[in-house]
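One chain, chain A, appears in both complexes that follow, with chain B as partner in the first and chain C in the second.
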Partner chain A sequence: MITTIAGHELRLLVRQRTFLAMLGVLGVMTALAGVLGWSSHRTIVQVYDQAVILLASQGKPAPPNPFTLKPSLSLLSNMVVYIPLIGALLALIVGHHALADDQTGGVGRLVFSRPLDRRIYVAGKVAAATAVLGAVMVASFAISAAALLIVNRRIGTGDLSRLAGFFIVSWLYLVVFALIGMVAVIINRRNSLGLLTATGAWLVITFIVPQFTSGLTPSASLNPTTAPASTSQAFFRATARVRPYSIAEQYKEASAHILATSQSTESVWHTALRISPIVGAVLVLTIALVVLIDRHDYSRSATNE
Partner chain B sequence: MAEPAIEIRDLSHRYDRELVLRNLDLRIEQGEIFGFLGHNGAGKTTAVNILTTLLRPTSGTARVCGFDVVEERHAVTQHIGYLPSDVRLYGHLTATENLEFFAKLSGVDKPRHAAAEALDYLDCGDLANRRVSTFSTGMRQRIGIAQAIVHRPEVLFLDEPTSGLDPIGVRQLRTTIQRLNADLGMTVFMNTHLLSEVARVCTTIGVLNHGELIYKDSIAETVRRFPDEASLEDIYVRMEGVPA
Partner chain C sequence: MNESSVAGRHSVAGRHSAAGRHRVLTVAAHEYRAAVRNRLLVLLAGILIVVTATSVYIGSAGYAGQLADYNTYRDAATASGLDRIAPSPLAPLSLLQGAMEYLEIIGAVIAIALGYLSVSRERANRTLALLRSRPLTGGEHALGSLLGAMAVFATLIAATAITAVLGVGIIGNDWINGSQSLQLFLAYSAALIYMSSFYALGAIATARTTIATNGLMIALGIWLIVVLVLPQIGDTLDADNQIPGGLFGALGLGHDGEVTILTHFTTYERIRTWTEELSLAKHFERFAFAMTDVKARYRPFDLPWLLNTTRNDIGWLLGYAALLTVGIRRTYRTQPPTTQGANQ
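Take a look at the complex of A and B:
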């Protein structure tokens, strides 16, 4: 029965225009990250080559190629920004559509007048959402690997492993938002309010919470930054306590370490620890979803949206 | 004596502080077409929601095909079909895809075959491969009935099935209900306001007034009991105590 629900959900999803539009945007942005990296790489190498010729004509020694000093995956560092922005919105839409027809659309009355256990229903819906996001991440992985191959002319197994690790963590991060999309639908009577609530949660997680943590560094809400210097002031002590639970920040930090583009270094164990709030969020939201759907009154009429 | 299709005992339901069903007792035999009448807000839909297991009653018991709607929910849902008022289906899917999904949920062995059979039975094979979002109210209602019978249930619950239908749609629905009852032996429980249809289709009627069952008998007996009234509408108005 789980496969029936999941298969049905996948069939519905591929016919949703908003989902297809967001999927297209994410695909283009993933490819763009590679193109931008390739373009800047090419420009810098051209300038460097001309400088080497000029310096050689003047009998001066040439400095080392700047790309030999940069991490090989640095070309894809923009992906750490695109996933929390576009990827998370895509995941919200996936989660929203998974339950919207049955909740606010009123089809749930027909679904639950059948011999269907509500937990099986949740399992099927979550399986479909995670499968879709998994497929999106596999596609992004392929595009990113191709971009790296084109720019760097080679790609080692180490880089591929790091890239795979990054997309696995990204998938987990996106599952959080798919679940938020689902929970938001079930707690709202109206379709539009469900989407609005989910978008509000995305804004809080992506932009507002980071402002209370590492927000003192202006680019922190978008790019991974090193932790601010410790201070004895109460405000900073409080924000330092919140920081470990900010899943957006932990995602960016963990991703930067996995891709080896971070300015600092840390152990694999420490990076794994950063992912634990994301895993925790997935568990809490899944339990909340099971409880909410179990108690939900599907006998109520549909809203006219 | 055969087991009744539906047996309700002392059933009550409360929404917040409002008691919408009061100690309802009702027995509907197999093969009956039962018309459940009552004013708006009388509690008819609440009763159907309980019988289709969508809602847990506050107190009392209800059994459908011998199974308790609370304790044996799974068994009940295997034996019933349900068409809500203002039926909604998956608009992005075709009629066949919708029916196939509901057949699978009911554990039908060959869902695609069952979907095609249900569409053919209702003479709407031409709608099979069209997306439901493009359908008129009447078309949607027919596909709604198809989803309710795709798994050949023993008891069919119809909640205001004629709402939004034009006169031809109403007539088609009447014929469909009679055929389902005659061909497949389905027991039909129908909430409705359309008294002319009740008089033509139903074998038994029940009248609900502010959550209380104030009358239940066969159509024939009802007409005999009220010889002075010209139509079922007049009888109903008299029962409800509303000045004509």
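Take a look at the complex of A and C:
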């Protein structure tokens, strides 16, 4: 039954072109990250060549090669920004669509007139959303690998495994937002308010919590890696304790360590610890969704619409 | 044509214009009341005020100490009879950087949400057809809605401005003076134009789609590109941002060397500038940052110089606002009074 519900949801997402739109947008953004990386590579080469000429004319020695300062996967560092911005918003929409149509179209009322366990219904919907997000991440992985191959002219197994690790963590992060999209639909009587509530939650997680825990202004949150504020201020001494639970910051930090673009190093165990609040959020939201759908009155919501 | 018939025509035209103004103001008052009664909008506005207060608190906490250090130095220099005392490098308005950035990001989302709710409310309540059965033209409806939304934004901006100024004064121990107040007023006026543009975008996108939620998604997509992606691309393409700590610094080049080398990258820099020019958010940010002394290079200059320097950004802001105002008037005029998808 789970596969039937998931299959139905997948067909709907394909027919409504939501899947295609998500694939297209994230595919283009991944390609854009690659183009920006290529542009960065080219700029560094040209600036270096000009610097060598300029310093030679001044009788100074050539500077060190700047590529020694640039990690091989750094050309994809913009993806660490695009996933929480664009990917998360698209994931909200996928989650929103998964439940919204059943409420407005009266499908929910019809489905639950049958002897169907609501947990199975939730499992099917979540499976479809995670499958869609997984497929998009696989496509982004392929585009990223191709971009690396074109720009760096080679790609080792180490880089490929790091890239795969990054997209697995990104997939997990996007699942959180798909679940937020689903929960927001259920707790609001109108679909439109559900989408706005989910967008508000995204704003809080992406921009507001990092301001409280690390003093990151919104523009700082748009940078792939930003150092948190010093804990010398009493305010941050208190709020920094919540920083390990700020999933947007932990996602960025974990991604930077997985891609080896971070300026600091840490053990695999520490990186795994950074991912744990994201896993925790998935579990909490899934449980919340099961409880909410179990108590949801589909007949009332259908008429209220 | 005698004088009495001309006067009569003027009188009829005057009555029509007064009645039109009355209808516009009625729609504006309705828009304002509906926004204030919407719990989600009130929640988003509350979030905006709280984060503004937090960002100002974070900036001001360290500022009070720096100001005290400067005042100690100035008093000691005055007491020792020094003729030339270094001016204060501190700029209290720069503490509002976070507040401006939040208006740029969250303010725009609130504006889109209000534009979306304005259209979807009339559809869902099936009151659009009722409104059109009255002597209310599409243009008056659009203008009234826009004015009502601007009143909502003005209230919201005033609340954040009062929060910010009190934060700087009480926590940072530095109260802004008359000329700084004028600069702040101009920055917040730009914020009003900026948010109104996004309101028009939200309303246009929603009114032009059969399913209102799709319109919201389109508006949010445009917001994402204009506010977050384009400025981020512009920053990423900056030659000096290619390496942590700065590419030119890593190559051992000073400012002169950087300027010399950048003369070979004029096309590249032009593309980067054009990418940023496309972003309405970037123009608002540049103007607001110039008015609030966020960029140190602007601090020594007076208001006329700042306005002249940012005239390009002012032009883009006004241009976008004018375009979207024309767009919303045209959309409301052509919007069918009964639409499918009213339930969305």
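Rule of thumb we're sticking to: the second predicted complex is superposed on the first by the 259 of 305 C-alpha atoms of A that agree within 3 Å, B and C clash if a C-alpha of one lies under 4 Å from a C-alpha of the other, contacts with A are read in each partner's own complex, and residues count from 1 in each chain.
Definition applied: contacts are C-beta pairs under 8 Å (C-beta built on N, C-alpha and C of every residue); 3 or more make two chains touch, one makes a residue touch a chain.
Please read these numbers as outputs of a predicted model, since none were measured by experiment.
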Check: When the two structures are overlaid on chain A, which partner does A:161 contact: first (chain B), second (chain C), both, or neither?
Finding: neither
Next item on the list: Based on the superposed arrangement, let me know which partner A:193 touches: chain B (first), chain C (second), both, or neither?
Entry: second
Item checked: Touching partner for A:114 - first (chain B), second (chain C), both, neither -> first
Margin query: Under the stated touch criterion, which partner chain does A:264 make contact with: chain B (first), chain C (second), both, or neither?
Written below: neither
Check: Should A:207 be classified as contacting the first partner (chain B), the second (chain C), both, or neither?
Finding: second
Check: In the superposed arrangement, does A:12 touch chain B (first), chain C (second), both or neither?
Finding: first
Notebook entry, point to check: After lining up the shared chain so the two structures overlap, which partner does A:63 touch, if you call chain B first and chain C second: first, second, both or neither?
Noted result: second
Note to self: If you tally the residues of chain A touched by each partner, is the higher count for chain B or for chain C?
What the structure shows: C
Margin query: Under the stated contact criterion, what part of chain A meets chain C in this complex?
Written below: 29, 32, 36, 39-40, 43-44, 46-48, 50-51, 54-55, 60, 63-64, 66, 69-70, 78, 81-82, 85-86, 89, 93, 96, 100, 104, 190-193, 195-197, 199-200, 203-204, 207-208, 211-212, 215, 217-219, 222-223, 225, 229, 233-236, 263, 305
Margin query: Under the definition above, what is the set of chain C residues touching chain A in their complex?
Written below: 40, 43-44, 47, 51, 54-55, 57-58, 61-62, 97-98, 101-102, 104-106, 109, 113, 116-117, 120, 124, 212-213, 216-217, 220, 224, 228-229, 231-233, 235-237, 239, 242-244, 247-248, 250-253, 257, 260-261, 264-265, 268, 343-344
Check: So in the complex, which bits of chain B are touching chain A?
Finding: 49, 52-55, 74-75, 77-78, 80, 82, 84-93, 97, 101-102, 104-107, 147
Next item on the list: Over in the complex, which chain A residues touch chain B? Could you list them?
Entry: 1, 4, 8, 11-12, 15-16, 101, 105-107, 109-117, 297-299, 301-302
